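A, B, C and D label the chains in the order they appear, each numbered from 1.
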Amino acid sequence: MVKPIVVGIIGAGRIGRLHAHNLRVMPSFTLKSIAEAVVSEDLLAWAESRGLGPVFVEAEDILNDPEIEAVFICTPTDTHATWIERAARAGKHIFCEKPISLSPQQTSRALQIAEEAGVLLQVGFNRRMDPSFRKLKQLVQSGELGSPHIVKITSRDPQPPGEAYVRSSGGMFMDMTIHDFDMARYLMGEEVVEVYTRGANLVDPMFGRCEDVDTAVITLTFASGAICVIDNSRKAVYGYDQRVEVFGSLGSATADNCRPTTVEVSTAASVTRDQPLHFFLERYNQAFTDEVAAFAQAVRLQEPIICSGIDGQQAERIAEAAKESHRTGLPVKLQHGSPTA
Amino acid sequence: MVKPIVVGIIGAGRIGRLHAHNLRVMPSFTLKSIAEAVVSEDLLAWAESRGLGPVFVEAEDILNDPEIEAVFICTPTDTHATWIERAARAGKHIFCEKPISLSPQQTSRALQIAEEAGVLLQVGFNRRMDPSFRKLKQLVQSGELGSPHIVKITSRDPQPPGEAYVRSSGGMFMDMTIHDFDMARYLMGEEVVEVYTRGANLVDPMFGRCEDVDTAVITLTFASGAICVIDNSRKAVYGYDQRVEVFGSLGSATADNCRPTTVEVSTAASVTRDQPLHFFLERYNQAFTDEVAAFAQAVRLQEPIICSGIDGQQAERIAEAAKESHRTGLPVKLQHGSPTA
Amino acid sequence: MVKPIVVGIIGAGRIGRLHAHNLRVMPSFTLKSIAEAVVSEDLLAWAESRGLGPVFVEAEDILNDPEIEAVFICTPTDTHATWIERAARAGKHIFCEKPISLSPQQTSRALQIAEEAGVLLQVGFNRRMDPSFRKLKQLVQSGELGSPHIVKITSRDPQPPGEAYVRSSGGMFMDMTIHDFDMARYLMGEEVVEVYTRGANLVDPMFGRCEDVDTAVITLTFASGAICVIDNSRKAVYGYDQRVEVFGSLGSATADNCRPTTVEVSTAASVTRDQPLHFFLERYNQAFTDEVAAFAQAVRLQEPIICSGIDGQQAERIAEAAKESHRTGLPVKLQHGSPTA
Amino acid sequence: MVKPIVVGIIGAGRIGRLHAHNLRVMPSFTLKSIAEAVVSEDLLAWAESRGLGPVFVEAEDILNDPEIEAVFICTPTDTHATWIERAARAGKHIFCEKPISLSPQQTSRALQIAEEAGVLLQVGFNRRMDPSFRKLKQLVQSGELGSPHIVKITSRDPQPPGEAYVRSSGGMFMDMTIHDFDMARYLMGEEVVEVYTRGANLVDPMFGRCEDVDTAVITLTFASGAICVIDNSRKAVYGYDQRVEVFGSLGSATADNCRPTTVEVSTAASVTRDQPLHFFLERYNQAFTDEVAAFAQAVRLQEPIICSGIDGQQAERIAEAAKESHRTGLPVKLQHGSPTA
């Protein structure tokens, strides 16, 4: 049996707790420590309910703990890059939530330091591990669909975040669409060369006040000529709408929404079925576990990282281009020689 | 009982025969004459099998026949406008296949002459009458979906046309996407203010030789800020792919493909169901009849034309803009005060 | 071109009119005469709207008309057998609605006379021609499903008929389930050897007053050991529920309901799609035309009758057995060497 | 926070290990001990991979351990009743896999002893906790479907068990259909008064040699007149087929199969989607956890047992009746005043 990886988590917000919840029962990991600025009553109760024991320490202690091999960075976005640098210098392997940073310079620097330190860095684009999207990827890779010509990604949240979140989010393209940019690159296996954004403020004037959009259609052009179109909304009243389609020269494959049950009810009034699984914790429940399992395989078995720092950086670059296209109303070209897995 | 409308058909190619096949059994119509340049053996056999009797005459005879009230123009596209003008001057109501012409000037002139002559003019965007798309329209009009934010139209042909057809077609946007431009206006009930086209030649180099595309994603922006995205391919190997989605502030509605049967087969190898209905004659079979029935109601009962000359003209304008956007690589703005029904 | 078959229709109720509506536009047929006891204003208006002209005659005139080759018997059930005998003696080919009679003796006699007269007799089990059920039959015949082990038929009407109809119907098994008995034989291609009925009166006490049931599950055992189960209700509030499944050693195939559109609507309240097509005229619209086209092929091209008098008789025998099983509460064995197509 | 329930598991075969796997991460439970006749290398490796530590003891030790409050009985069927009796006498609450025994007398005795001992006894009909079937139950209970008239249960295994298993299983009705008998009672909330079985040996002659069937349709009649029909096969080549439908006076609800992904692939050859989740461990994964969570709530919070000893006993009675009906070829009546939750 392979020795479990001893890990520490920095940041015990929603996503940090999610990883802790999963790690504690995965045989590949031993969750030793969690760092959180303020250890509230609520946090302690949560830890007790998970049987976590006395895990709370200072972030410094995690970096200094020689037993800890890997760090999960689950802090607010604007501190990700700094923690990557510090963890890398401490020789820890790194699992970092997306995005790496809101600044291209910061992201570059963080990647460079991680590379120099020789540590593994995985970025948390969990949707790559969603069973349906993985199957799409396999269909593309196997050639069953032929050359991909069109990729369509629908990604709509069930309800908008609050104003404070929006103001610090980096904007919809960096906060929400970034997942779709990564999905497009992941499925196509090649780089985006041009971005055209058509954004709008139709859901709530608050987004306009924050100089953000809440509705958008983004067209990505790939080097091969293939085209990807993403449609986003911050508010789909019927739930979390997450669908992907890959259309190629030999066939097409669609991944539909997941629903809590398969029940269909027919009455005199209507024929109904369930709304989609409510939000990302439910819909990507399996993916959150599987991305961490893949991280373990990369650390222990030298398997390739399923979503590297470069992948994180490229998605950020596309998001920057999407913002610029929205600002100028014109398509924006992207140039980069960075290969994608 | 309302008196049947006596009609003549000019042009007995595929679409002319289709209308003749339908008209002969509709109580609202009496099909009296058909004009076709060359009355072949094949055409005579077809007419006999439909019990049509001695219907073949010169086009002139149709226009000069005082008993004939309405004319169906089913000739090649480049003659539509001329026939509209001649039929209008002869005082006939007109059902004309799309597009009206490949030239904005010709289209304008034909509309003007028809208006001056006081005849009704219906353009054959038959998809407006497809039962599923009509239901989408009703959902939008009833307000059940709230304000429309995003419209998505997938329109892919099962196989590409031949090179001769492509060369005379006016290009994919004018020949194929024009249906989708009309669908977008029909569903939204407002005008397009900007068009961005991303086209590619991925299916067959022949399209490139004809300076045409075979694959495209087109983004339409509406005056309200709503966004429509259309994706097209000249070759969907699995069949005729015709799907539409309207996403609004209060809900979303999708119209899926139609299939010959509802049978699903599960074996050790796979779970399969039918491919989509093969092509437009099958898929829009009902719509072809219903658009003609609506024309009868407009002629006899003064109901509004379901797709007017203006509708035909607006779709052509969008197609022109799409071509220009493809040529320049930039979004193209549209200006027109013309209202849509 | 093959010469059209000149036909007369005896009985111009709902089903007689349906056949007339279809026959008048089918090139294989010339509908010459219709006999109906009372030619009402309503009937005349209906005929005018279909452009039928002066078709109404006495039934005798149809039988005596040497030009008429085939007769459609669309009278009330209790006169079917008599009309079969008279038409057969007049040398007419016969299309007769189901059932042939409510009495085994009458049915036998009618079949015998038709056979002696050498005329073709087709019974109107139209569902055999439903595109989905035909596909099931083809899957069974091709061996793709292996040996059939279980057949499941769901057949539920959207609303119960009136008391007068129920009293003269011969009971639910003879009136409604008889279609399902025929479907079971058609799909299996072999004979039923035992019937067990579990019936109930749950929808409306009226059925109980008429000594009939409104809800039933009927188990049929075939000679091969394969089992068919039929479930019926006289009232499915959500519409006409018509589904069939064939489960075999190599796979299973299901035929689902047909719906008016493919639209799915997702709102904050629900995700809905259309109810099934409302009733048999809509659901089996295509089948009604196709069964008549098949009759033309049998008359003109000597193709086998798709549903013979023997098929009609066998379904009646199963219905009789189902009634007896319901009465006694015990399974009932069937013995007959009659082969099925 | 509620104190965890300390449990021991007797029997570490497939199902015992499944419960151990789930219990070890549920905060409501502390899994202290597992008894298995032979603690193999394989079993030790499995335990290590789950981080279970030194849990293996003699079954006696579990019963004698005053800290252990509840026992999970996961031994072969023929020892369930004995272990229930011993655990009850030791004052342990009991979770027992189905069936309680293969003998009505043994089952009665075990229930009586558990009742006298005042311990809770839950029977492992896990399907009651399947999210889709729970939703059906809620729809029945809420009255949304009106009075249930027909319940249809399809339950087909992906592949037959081996001969040794079949010989000791008590026969298909007791081993496999028993789940469906429980589902019928669970959904209807009332008792079965008559059973008619039509069984066959169509899958493999081995079942015939074991005097068992591999294919069956079973009709259950309820006191209210409602009818349930179950169809079973030991071999559905396309996978584990588990569907339920409840048809009532106000509507119908269906629960379809669950599949690994939502991907649909359309090619020139076919349109395919995933086969059903392979077998019970996958399909009822959630249900296995939820039934145990419900057990915890019954033990700690005095909530009603979701599947009692009486429920287990009633399903066995129906299975006995089904066997007798198969043997005699006649319907079998059931008499029992025992109410169902």
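In this section, a residue touches a chain if its C-beta (ideal position, glycine included) is under 8 Å from a C-beta of that chain, and two chains touch if they have at least 3 such contacts.
What you are looking at is a predicted structure, and each value in this text was computed from that prediction instead of being measured.
Shared contact partners of chain A and chain D, listed by label: B, C. Relative to the C-alpha centre of chain D, the farthest chain centre belongs to B. More than half of the residue-numbered contact pairs at A-D reappear in one of the options C-D, A-B or B-C, namely B-C.
If each chain is reduced to the centroid of its CA atoms, chain A and chain B end up 42 Å from each other.
Distance between chain centres (mean CA atoms), chain A to chain C: 58 Å. Shown for chain A are the residues that touch two or more other chains, namely 236-238, 250-252, 266-268. Only residues 1, 24-25, 27, 45, 48-51, 131-132, 135-136, 139, 144-145, 250-258, 260-268 of chain D touch chain A when the two sit together in their complex.
The touching residues of chain A, counted against chain C in their complex, run 236-239, 266-268, 270-275. Per the touch definition, chain D reaches chain C in the complex via residues 147, 149-150, 152, 154, 156, 194, 196, 198, 200-203, 215-217, 219, 221, 225-227, 229, 231, 233, 235-238, 241, 247, 249-252, 329-331.
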